[in-house]
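In order of appearance the chains are A, B, C, D, E and F, and numbering begins at 1 in each one.
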Amino acid sequence: MLDIISQFLQTTGFLNMTGGQFLMIIVSCVLFYLAIVKKFEPLLLVPIGFGMLLANLPGSGIMDEGGLIYYIYNAGIKTGIFPPLIFLGVGAMTDFGPLIANPKSLFLGAAAQAGIFFTFIGASLTGFSAAEAASIGIIGGADGPTAIFLTSQLAPELLGPIAVAAYSYMALVPIIQPPIMKFLTTKEERLIKMEQLRPVSKTEKVIFPIVVTILVSLIVPSATGLVGMLMLGNLFKESGVTERLSKTAQNELMNIVTILLGVSVGATASADQFLKLQTLKIIGLGIVAFGVGTACGVLLAKLMNKLTNKPINPLIGSAGVSAVPMAARVSQTVGQKENPNNFLLMHAMGPNVAGVIGSAVSAGILLTLFG
Amino acid sequence: MNLINQMKLSMDAMTLGEKFTGSIIVTLLGVGIVFAALIVLFFTIVAMEKIIVKPKPKKEVEPKPVNVIEEEEEEVIEDTELVAVITAAIASSLNTSTHNLIVRNITRVEDTTPSWAKAGRINQITNN
Amino acid sequence: MLDIISQFLQTTGFLNMTGGQFLMIIVSCVLFYLAIVKKFEPLLLVPIGFGMLLANLPGSGIMDEGGLIYYIYNAGIKTGIFPPLIFLGVGAMTDFGPLIANPKSLFLGAAAQAGIFFTFIGASLTGFSAAEAASIGIIGGADGPTAIFLTSQLAPELLGPIAVAAYSYMALVPIIQPPIMKFLTTKEERLIKMEQLRPVSKTEKVIFPIVVTILVSLIVPSATGLVGMLMLGNLFKESGVTERLSKTAQNELMNIVTILLGVSVGATASADQFLKLQTLKIIGLGIVAFGVGTACGVLLAKLMNKLTNKPINPLIGSAGVSAVPMAARVSQTVGQKENPNNFLLMHAMGPNVAGVIGSAVSAGILLTLFG
Amino acid sequence: MNLINQMKLSMDAMTLGEKFTGSIIVTLLGVGIVFAALIVLFFTIVAMEKIIVKPKPKKEVEPKPVNVIEEEEEEVIEDTELVAVITAAIASSLNTSTHNLIVRNITRVEDTTPSWAKAGRINQITNN
Amino acid sequence: MLDIISQFLQTTGFLNMTGGQFLMIIVSCVLFYLAIVKKFEPLLLVPIGFGMLLANLPGSGIMDEGGLIYYIYNAGIKTGIFPPLIFLGVGAMTDFGPLIANPKSLFLGAAAQAGIFFTFIGASLTGFSAAEAASIGIIGGADGPTAIFLTSQLAPELLGPIAVAAYSYMALVPIIQPPIMKFLTTKEERLIKMEQLRPVSKTEKVIFPIVVTILVSLIVPSATGLVGMLMLGNLFKESGVTERLSKTAQNELMNIVTILLGVSVGATASADQFLKLQTLKIIGLGIVAFGVGTACGVLLAKLMNKLTNKPINPLIGSAGVSAVPMAARVSQTVGQKENPNNFLLMHAMGPNVAGVIGSAVSAGILLTLFG
Amino acid sequence: MNLINQMKLSMDAMTLGEKFTGSIIVTLLGVGIVFAALIVLFFTIVAMEKIIVKPKPKKEVEPKPVNVIEEEEEEVIEDTELVAVITAAIASSLNTSTHNLIVRNITRVEDTTPSWAKAGRINQITNN
């Protein structure tokens, strides 16, 4: 009887736990703290943290062949299905009206992707492979599903740190961006008032997702999955005849996929994958990516303000990084601190949603080059 | 693409200088294509605005049909249109004239069926 | 650097697009037009059109092994899982009360399936294989999920044209049927008023789906999947104790499956599969199937009106083709034009829902013969 | 089924006449079976109506139990019924008498538990 | 023509039906009767009954390779994915507050699992293998998803009878438990009033699921899947920042999985698997398991009442078997019959939810020993 | 675990006595571990109560920040905390001091951004 008990004890996790696993459990608890108390992107950090927790409980076998999350991971992450399904819901939630009304926003949405490629340089030079560097760079896209999609295809072993970094920095956009925005702009620039946006017709809104799908897919075919689903969701929303599908895409389908995606991504962060020096490098490079993206957006907005006759407040440039709608709100808030009557939110939504397209395009380019 | 291909395979054997050059090329290429793509979208949106929005006084967006007969006729035309488009597509793909292929499946009817042709099937079931 | 750019340009879709793909993109835009502006079955034609669009954007690889829709197609269409799941939702939405109240409707629902088999003859004689001819014939069933199910099992290469034809003609039922109905009936027949339907007890409604499942599955075992799920959905609805399941079956589950099914079916319509002479034949045969089905339903209703003592308005015969509830509404409208006080809708719902069972049975028979 | 089997395999070698004959057979068979199936349903529904609906004055549909005790007893009986049915089913399947197998798992209780046995578990959780 | 008809008749189910299949169809109709008229766990017994019906219709091929339910079974049951997903929803519906307020409830939730292991002895001695005996014992856990999970992993051939027995007895808890509870308690004990539960802070409720996941997974790693998902669902509920996910987990996701799980489990009950002597043994052993669990819960509660100074009404001990919230309501009702002013419901919810954890732990132990 | 292993493989060759002994061991082991697990939970809950609930007058649960500046500072600290925790975790896992590794990614800012940092991204999109 005693030997039976001792044999059973061998199977418990207490005796098999490594120090790394213990540390990872603490890391997952920190994620819960940030998500629940600090409300940092809780919809993703709670599932990611929980997946991380489960994967580091020794003996759970949850990511081993035949384990619960093993199946989910293989069905949804490895195949690259989950991120486009999330994009379907994001598309059904997104209003591209401000972008259609002011298509110059697209340039800002393009400029802010420079952070992705700038970080790629840094990552290449600090010992990462090209595929890994591309996955790290995409953190600068400030777009969770895009980052998870590209990483799952190029460097799945980095999914944990990259997802944690991407979502954490997206939550921290209100802290990361304002100093950069202020440093790069003058008080006069920050006070610029922009013309009111023209109303956008329903016809334009319906044609927009179709046209974007066609053009972007032709230019960067590897981006078709992400951009196509984003635009299909948007077409569900704007067509006005598929409200049932739009509602399901942005609610139940998205929630189901979010739970499964979050838990699976978190479960890739096993101690031996996560507790490496490279995780710190990724966290460091990630913030560089956000910073450079913000700066490039602001700088191009400054330039455009000078080159064109219509006034452009450079504060909306930072919204080009994506991080919808956080980054646009940051533009609004920083602007309003200078002049409480300056409403930049809708102007910033243009670059903001352009940034989503921009980072999906960037992911497609990197996938073409290194996939 | 020599350097980039080399980067894709393995960067272990590359010198720091090569890595740097390669990365710079990737960056220029990447930023360039992103801008190219979004500039194409820019001109498309501008063109779309020109075509759709220009004639402001005249409301173009989905005119409410005043008359059900007219609406019915439109539909007939549209359906013919679908067949015509598919026919034309296949014809041109088969390198033959549409005259040899065209299927006239619907003739104009004087019937004035009202708007029950207008709603999706499933939604209607729900309303039962 | 220049050669790199030129190499990248090689990967873009512009240089790889075939004329056929270009034509298919236009076809998909026509589908969007019909679905969104003309409101032809938008819940399916929008996803189908979008799948078609994505599959014909060169280089997207969306239907290649490892592509997004490839996985969805293999999981849901090839296995034949999606159509029965849609039927689960259809069953949860369907009221078989009018059929139970007037079981003679079943004969009309049977007669209208003649279009399926009549068209089978035509298709066999015009160069299609038996499996293809069966799939084309099923367009006459006027029931989308049934048509997709049978075609996915017998002739998956024809999924695109058959699905487009089936849903287009279902949307066009108000144009296709009235002339046939008027041609085959006299004014006196169209003026016939029918007796009010008896109320149907809850007990009958609960027993009905169970009994139908048993009997139909015994007679045509291959129809079990479709008929079984239709009836399970109906049992969820009528039992009164599984409202949660009924609601989910007819809303979220159905919407999710509709999106995935539509996009996958559309994606089978690649240019080289779709732009063939046979697609035109399919479109032509499809309308024959609808017409013959309508005619047979009306003719049997005429006959039944003469043979039985209870009056039967032959206009309800056309509703036997399925196309729920469009065909029943056509009966109502054509009848009301002769006499604004004649309400045929509920009488026509009987043959209408019988037609759903009838076409599922027909699909089972064809699957048994050629599967 | 010679012709139909041949059609299933390949129709390439068949003459137009054979194809026609085969298709006609398929059509007759198909329409025949569809009618057969729906006629069976017809008679079943008619029979169902006869059995269930006939006694009109007496309401048969789910009588609301007037008395909780009675309801409870019914339930006990029903459960016994389930066991009895399964027992009988297995017994007859094993070719033996139910007398050797029957499991009396629930005896009638005088307990008058009220209606909380009546609702689905999950729904009840929701109501907490 | 005649030989064709006769050949077709060969494929119908009438001529191929075995007596066993006929009996199983009757059994499934009895399940419908119990579920719909008697309202016994209808959410599961309707799908289970329907799966049983379909699987016993000869020739339907629904469980053969390539059949509809075959795919669902392999994707969700064989892999063990469905039960944890149901637990996700159960967790999002469960309030662990009463357990946190009175942690002694845990002992009662542990004691009531004795029925599982006691029944294991009985099953081992009556000819079942160890894996089968474990699956039969788990019926005593009075928890459907746990029973289905363990059986699917240890003895999938017994899924049908075990699921039917588990859900039937859970519905019969109000009949099975009261006589045992009264037999083992004195009138004075049944009259005991318990102190009001302290309020539980949000912080405790948030920390609880995390801590339980960690500790239980460390002690019994095989229980991680079930307990982890239960607690993730609860964290979604209690964190207050993931309401979207909580709602979807307890509604649509749970409903979808319930339908698919129920139908697949039912479809394992083919005549040749179900109509065996062992099914009767399982039904008999199942009720022993329920009875012993109830008794052990009550007896430990009596003992605790004597050993501690705070009064404990032994009637809440029976709630430890799980069968949430039925068993807790039984405690309430039996108590109120003695004294209409005694409200035991919240006190009984503690052992009740502890029992869910307890049976998941038991399943993990049995999986470790015999998996 | 000899007997249990034997039971796992096959019980066919076992005598009734062996089966009984084995089952009893399983039962004792099973009930024992269930109790052990839930006793551990018991003490954890008791400890949790001690730590969290004890100081009753002072409300600990999520204090509403009175002042946005303070809140902002907290956030900065927290983020530093995340980096610090990960850094510490990796450092100790790499057996090196954190001094060689620490990344100070965010410095305290005097900026008083209001509460828009507080809500989930997707929920905010919905509110648009």
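Throughout what follows, a contact is a pair of C-beta atoms (placed from the backbone, for glycine too) under 8 Å apart; a residue touches a chain by one contact, two chains touch by 3 or more.
Note that the coordinates shown come from a computational prediction; the quantities given were computed from them, not determined experimentally.
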**OP:** Spell out the chains that contact chain A while also contacting chain E.
**Re:** C, F
**OP:** Note down the smallest number of touching-chain steps it takes to go from chain A to chain D.
**Re:** 2
Original post:
Thinking of A-F, which of C-D, E-F or D-E forms a repeat of its interface, with over half the contact pairs identical?
Top reply: D-E
Subject >> Chain located farthest away, centre of chain E as origin (C-alpha) >> reply: B
Subject >> Most widely separated chain from chain A, with each centre as the mean of CA atoms >> reply: D
**OP:** Would you mind pulling out the distance in Å between where the CA atoms of chain A average out and where those of chain B do?
**Re:** 27
**OP:** Report the inter-chain centroid distance for chain D and chain F in whole angstrom, where each centroid is the mean of the CA atoms.
**Re:** 50
Subject >> Of all residues in chain B, the ones touching two or more other chains >> reply: 4, 29, 33, 62, 120, 122-123
Original post:
Hey, what residues on chain A touch two or more of the other chains?
Top reply: 8, 39, 42-43, 219-220, 241, 244, 252
Original post:
Could you list each pair of chains that touch, in label order?
Top reply: A-B, A-C, A-E, A-F, B-C, C-D, C-E, D-E, E-F
Subject >> Touch list for chain E against partner chain A, complex >> reply: 79-81, 84, 88, 206, 210, 213-214, 217-222, 224-225, 228-229, 232, 235-236, 239-242, 244-245, 247-249, 252-253, 368
Original post:
Once bound in the complex, which stretches of chain A touch chain F?
Top reply: 1, 3-5, 7-8, 19-20, 23-24, 26-27, 30, 33-34, 37-39, 41-43, 90, 93-95, 168, 170-172, 174-176, 178-179, 250, 254, 271, 275-277, 279-280, 283-284, 287, 323-326, 329-330, 333
Original post:
For chain D, which residues are in contact with chain E within the complex?
Top reply: 1, 4, 25, 28-29, 32-33, 62, 72, 74-76, 78-79, 81-83, 85-90, 92-94, 101, 103, 105-106, 109, 111, 113-114, 116-126, 128
Original post:
Touching chain E in the complex: which residues of chain A?
Top reply: 8, 11-14, 17, 25, 29, 32, 35-36, 39, 42-43, 46-47, 50, 53-54, 57-62, 66-68, 71-72, 251-252, 255-256, 258-259, 263
**OP:** Over in the complex, which chain C residues touch chain D? Could you list them?
**Re:** 99-100, 103-104, 106-107, 109-111, 113-114, 116-118, 120-121, 124-125, 129-131, 133, 198, 201-204, 207-208, 211-212, 215-216, 219-220, 241, 244, 354, 357-358, 361-362, 365-366, 369-370
